[in-house]
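There are two complexes below, and they share chain A, which is joined by chain B in the first and by chain C in the second.
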Partner chain A sequence: MSRGVLMRVLGAPILLLAVACLTFVLMRAAPGGPFDREKQIPEQILRQLEQKYKLDGPVYDQMGRYLWDVARGDLRLSTQYRNRTVNELIAQTLPVSMMLGATAFAIAVMGGSVLGICAAAAHNRPTDYALMVLALVGVSLPSFILGPLLMLVFSFWLGWFPVGGWGELRQLWLPAFALSLPYMAYITRLVRVSMLEVLGEDYVRTARSKGVPEGRVLFVHAFRNAALPLVSYSGPLAANILTGSLVVETIFNVPGMGPFFVNSVLNRDVFLTGGVTLIYSALLVAFNLLVDVAYVWLDRRIRLD
Partner chain B sequence: MTAGTLAVLAFSGCGAARERADLVFINGVEPESLDPAIISGQPEGRLVMALFEGLTSRDAAGVVGPGMAERWEVSPDGREYTFHIRGGARWSNGDPLTAQDFVRSWERTLNPLTTSPYSELLFSVDGAEDYAKGKLTDFSKVGVAVVDDRTLRVRLRAPTPYFLELCAFQTHYPVHLSSIERYGIDWIKPGKLVSNGAYRLVEWRINDRIRLEANPHYWRAASVRLKTVEALPISQATTAFNFYSTGLADLTLDKGVVPPMLLDELRKRPDCHIAPVLATYFYRFNVTRKPFDDPRVRRAFAMALDKQFIVGRITRNGEPAAGSFTPPGIRGYDPPRGLPHDPDAARRLLAEAGYPGGSGFPPFGLLFNSTEQDEEIAVAVQDLLRRELGVRVELRRQEWKVYLNSLNRLDFDMARSTWVADYPDPNTFLDCFVTGRGNNRTGWSNARYDSLLDASNRTLDPAARFGLMRRAEEILVEGDVPIAPVYHYVGVKLYDARRIGGIVLNPIDEYPIREMYRIGGPP
Partner chain C sequence: MDRAFLRRCFANRRISVSVAILAAVALAAVIGPWLSPYSHDQLGPLRFAGPGAVHWGGTDLLGRDVMTRALMGARISLLVGLFGAVVSLIIGVSYGAISGYVGGKTDAMMMRLVDILYSIPRLVFVIVLISVLDLQVRAALVRLGHPEWAPQAKFILLFAGLGAVQWLAMARIVRGQVLSLKERQFVLAARALGQGHAAIIVRHILPNLVGIVIVYLTLTIPVVILEESLLSFLGLGVQPPMASWGTLIAQGAQTINPVKSYWWLLVVPAAAMALTLMALNFLGDGLRDVLDPRARR
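On to the complex of A and B.
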């Protein structure tokens, strides 16, 4: 196992540099540049800007210098937010996204698991049908509809939570719930299906016939094995949800990293795009590794070689 | 446990202690910078105007009056200004503010290494353009000199009747150079930024908020009534409106943050304030491409546009249809009427140019950027031109940066554009179309236009000067027509006038926060 893990850890930096390289080339190849402005910038100032942001010279040369800076942990200056480094932009916004994302992740995984188990236990009975209809609605409702809907009910009608902002605990719940709901619905379906499969197996029947209480059969014996698909889904989900969401963070005005994924591309803010892509990739690699390790722990038959 | 640690991280420094500011306003996008030499957008401009002050400053109605200079004299030929900086003028850290600060700040803005996108607004100062372009390396030859600590003498290249307006603009603000030397790009951050205006910066959280506090060293600090102000960087209209309507924000200043679908309702409310601003929506023709190299074709297009339809059915805020490029509302200037809406005459002109009924007219592209209303207008224009002139228009929608790039490279046939005044003088509009200007973006060049404008800027008598400008503008919108104006903008602001005072709607669209106040106690 340790050899497999080691190989992946060693491979990660190479993978990340490849991501940086690809992002940079795509951004530079896209039409329009970071210094195209509404009021045209005079030629000599444009040259100065390109030099200052190290975007002068041939593209392969620009890229080489960029990769060298990235390798040393310098994600460079943002071309849009002129007095900020990409490191600073990420350092200030990523914790916010992670806070919101971790909450949403917990709600999605716990809520989805419990509901999935309940649905499986009530297989082909009204509870099951009702939960599956709800899950279908949850999966299909986009967050730009769900967000305002939650706001309408809980902020405008009931007045329980503010419509947005960040800094107090009561500002966390609406965006976290809006962010988690589609994932929770998906997890409910995922857990239900794999529970149904496991519940038909011999060892579950044995456990039941030995008189183990039903709750223990479901939540301990069956769920431990049924959780494998959920675990493998959690890796990419965590990377995705922790790096922020454009839609939810915009609707609730949460100062996270999510909007940078789209806005930095629209602004052709090449280094900010590079930075957020790298963070996302690094989290993805890390969580997938965690998933593999968790697999081994959950099912001793799996080996990581 | 991880979540707990993160909670501390994410929520740190913002416990229950944070009080609501006296005024919270929606400020559009996250500011790119707060450096007066670097910024170019309106959200940045608003904050910078609260933080810094030039030799002159604007009052609530946008009218220019004394600022850091308490008075000034102008030489009879209009080319030399002597400014007297008020005694006791100070920076927010208590340092005295001197004439030297202005000279060094203007030098910084003009220095090509500063990469100021707006440095050309300083070009009215003698020698400034040469210095910015590297033709002159000795700044002491540029026409701005220190007479003594409290006296600044400025020599202009030509009498510039709007020079005092420019002095109230961000490019002419002083900056605290020793803190720039000390902190580098971090100088504009809270705790480091030293400013000379009504406010100082106390907090700046990315995509979250900027908090200002009254600057006790400001020369008229006693008159500043809002002691704390917060700007929220919200650009999404529904989010902004939610904040406003639940009282989390008191004021919105941009039309872009008012949800278009609610406008019909909002217009009837007393807290919705609509007034004209100095900005024009227009189409550019690329005169370097056939068939738009023929002025008859351009005139035909301009006359076929049913502008009343566009403002009546699409924009719907009472925008005036535009005949001229310069909007009405600049005191003393009477813009030309422009070409009338006359489809018959348009068809005759197109036939004269060799395309009777549009036959033989090559299909061409109409370039616009991706916002909802631009698309609606483009579709309407496409239909109008097809019906009236029989020409086929292909819509070319591009994302913002790509669109700007296409404009700069003249890679278009016909393109939508907007121009917003930097100062209330026709020159801010008409100067765009002087041969070779960066904002020309049509390929158009007309020697007569250039010389009329040049003459106007050497003329002291306002009436004669505006007369020359009007003749130049007639060439632009009635004769050669490299552009077709469509409408002049109006601004839409949301605020309860019974609770917030000191806002006077004005065409230059500037609202100094130091003039605002609350009515009837705190929020």
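On to the complex of A and C.
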């Protein structure tokens, strides 16, 4: 196990450099650049701009210097936001995205687990059916449909939550909920299935027969073993929440990395796109590593090699 | 696909209901805009008219008929979903079949690559890829002598790009199946009779994968539709005056405001899309129950 994890930890920086390399090549190889304007910029000024942003010389040379800077933790200047470094922009927006993502993650996992356990406990009874229908509806409601609908109902018609923005706790709930609901629905289904499997096992019968309260049987004895599929789903879940947050941040006007990323791609802001892509990838790689370790820790029978 | 199989499918209520819904959506998408008295980009005198007898789905800021636009959007979204899923199918099945059939070190390497690709944010790359390659594909189309296709460059990129990132799950599943199939006796017999590897894969292994491939194809279509709409929602996918569900929902979301909510702009395309996604998810689940009894719970 330790060897597998070690390999991955060592491989991660290489993977991230490959990501930086790929993004840079993609952004630079295509026609058009960050300094294209409606009006043609004089040759001399263009050359100076390129020099200032270190985009002069042949592409492979630019890339080499960029990778060297990235390796030292310098993500360079944004070409769109004058004189602001990408590091600065990310330092400002990443905590916001992390806060939103972590809340959505927690809502999805906790809500989905509780609902899934309830559905399994009421197997083939009306509660189970109702929850499964709701879960199927939820799975088919992506956050960019759910977000505006929630805004319409809870902000404009009922007035319970603010329309958007960031800074107060009240402004967190709607975007977090819009972001987490489809995955909460998916987890409900996942947990229900694995709970049903576990509930048929002997040790659950033993626990019940020795008089352990039903709630404890469900939430402690059974769920601990039924949680493994949930752990392996949390990797893809993090990836989905990450891409989902691009949209949700745009809808609810949350100053996270998402809107900056979309703008940077549209404006060919090479280094901002590269930096944000790198951060997104680093987050996911780190999280997946964490999931693998947790998985092994939870289930000694599975070996990582 | 024999008759007994079809009978089993239609005995499953989930499958028959979702097929009916999908058929209705597809039919509406194909003939709806043609039957409608309005065209999707025709401006009308009534701006922001609510849903009623004249405009079933109301009108938007420019007086365009929302229902007709949602149906045109359905065409685009369904087309992208279908083609994207087929692209993912081709890549996923070939990759998985080769990896599983060759086995050994090659298999380990190929699957390691899939693991790595799983751990990077694929959609983020699709966004970069599509917006960057747009101009190049346009230029290439003009050079190839099809300038009339140039405005559709984004479209082609959407098919290819979304399909190209969705093949990972398919590759894993196909590889697992091939690993067990290649040890079966009929493969041994075919090899003993002197058939080449390509022939064994195409004639003996792939036909046994049809069931599971159909299930995952059905489950991939909604994912591709979703991602296309997500990109279009962000303004990176289908460009106006063309409309997909994503662009329509984005417009709907922009026009709602506290003073007066033009809810139909949002609700009509959102309902169409949610219904389609739901039917596709139902269908995939149902097919999985029928075709892959081991996965039944």
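Assorted remarks:
Basically, the second predicted complex is superposed on the first by the 288 of 305 C-alpha atoms of A that agree within 3 Å, B and C clash if a C-alpha of one lies under 4 Å from a C-alpha of the other, contacts with A are read in each partner's own complex, and residues count from 1 in each chain.
Just so it is clear, a contact is a pair of C-beta atoms (placed from the backbone, for glycine too) under 8 Å apart; a residue touches a chain by one contact, two chains touch by 3 or more.
As the structure is a computational prediction, the values presented were derived from the model and not from experiment.
In the superposition on chain A, A:P148 contacts both chain B and chain C. Of the two partner chains placed by the overlay, only chain C lies in contact with A:L26; chain B stays clear of it.
Contacts of A:Y81 after superposition: chain B is touched, whereas chain C is not reached. Shared-chain residue A:T250: touches chain B and chain C both.
In the superposition on chain A, A:Y66 contacts neither chain B nor chain C. In the superposition on chain A, A:N267 makes contact with chain B only, while chain C stays out of contact range. Once the two complexes are overlaid on the shared chain, A:F177 sits clear of chain B and of chain C alike.
Of the two partner chains, neither chain B nor chain C is touched by A:F161. Touched by chain B in one complex and by chain C in the other are residues 30-32, 148, 151, 155-156, 163, 250-251, 266 of chain A. The touching residues of chain A, when paired with chain B in their complex, are 30-34, 36-42, 44-45, 48-49, 52, 77, 80-84, 89, 92-93, 95-96, 98-99, 102-103, 106, 148, 151, 155-156, 162-169, 250-253, 255-256, 259, 266-268.
By the touch criterion given at the top, residues 15, 19, 22-23, 26-27, 29-32, 136-137, 139-142, 144-145, 147-149, 151-152, 155-157, 163, 193, 196-197, 235-236, 239, 242-243, 246-247, 250-251, 261-262, 265-266, 273, 276-277, 280-281, 284-285, 288 of chain A touch chain C in their complex. Listing the residues of chain B that touch chain A in their complex gives 2-3, 6-7, 9-11, 14, 16, 18, 30, 32-35, 38, 40, 112-113, 115-120, 132-134, 185-189, 205-208, 232, 234, 236, 238-239, 242-243, 246, 248, 399-406, 408, 418, 438-439, 441. Per the touch definition, chain C reaches chain A in the complex via residues 116, 118-125, 127-129, 131-133, 135-136, 139, 222, 226, 229-230, 233-236, 246, 249-250, 252-253, 256-258, 261, 263, 266-267, 270, 273-274, 277-278, 281-282, 297.
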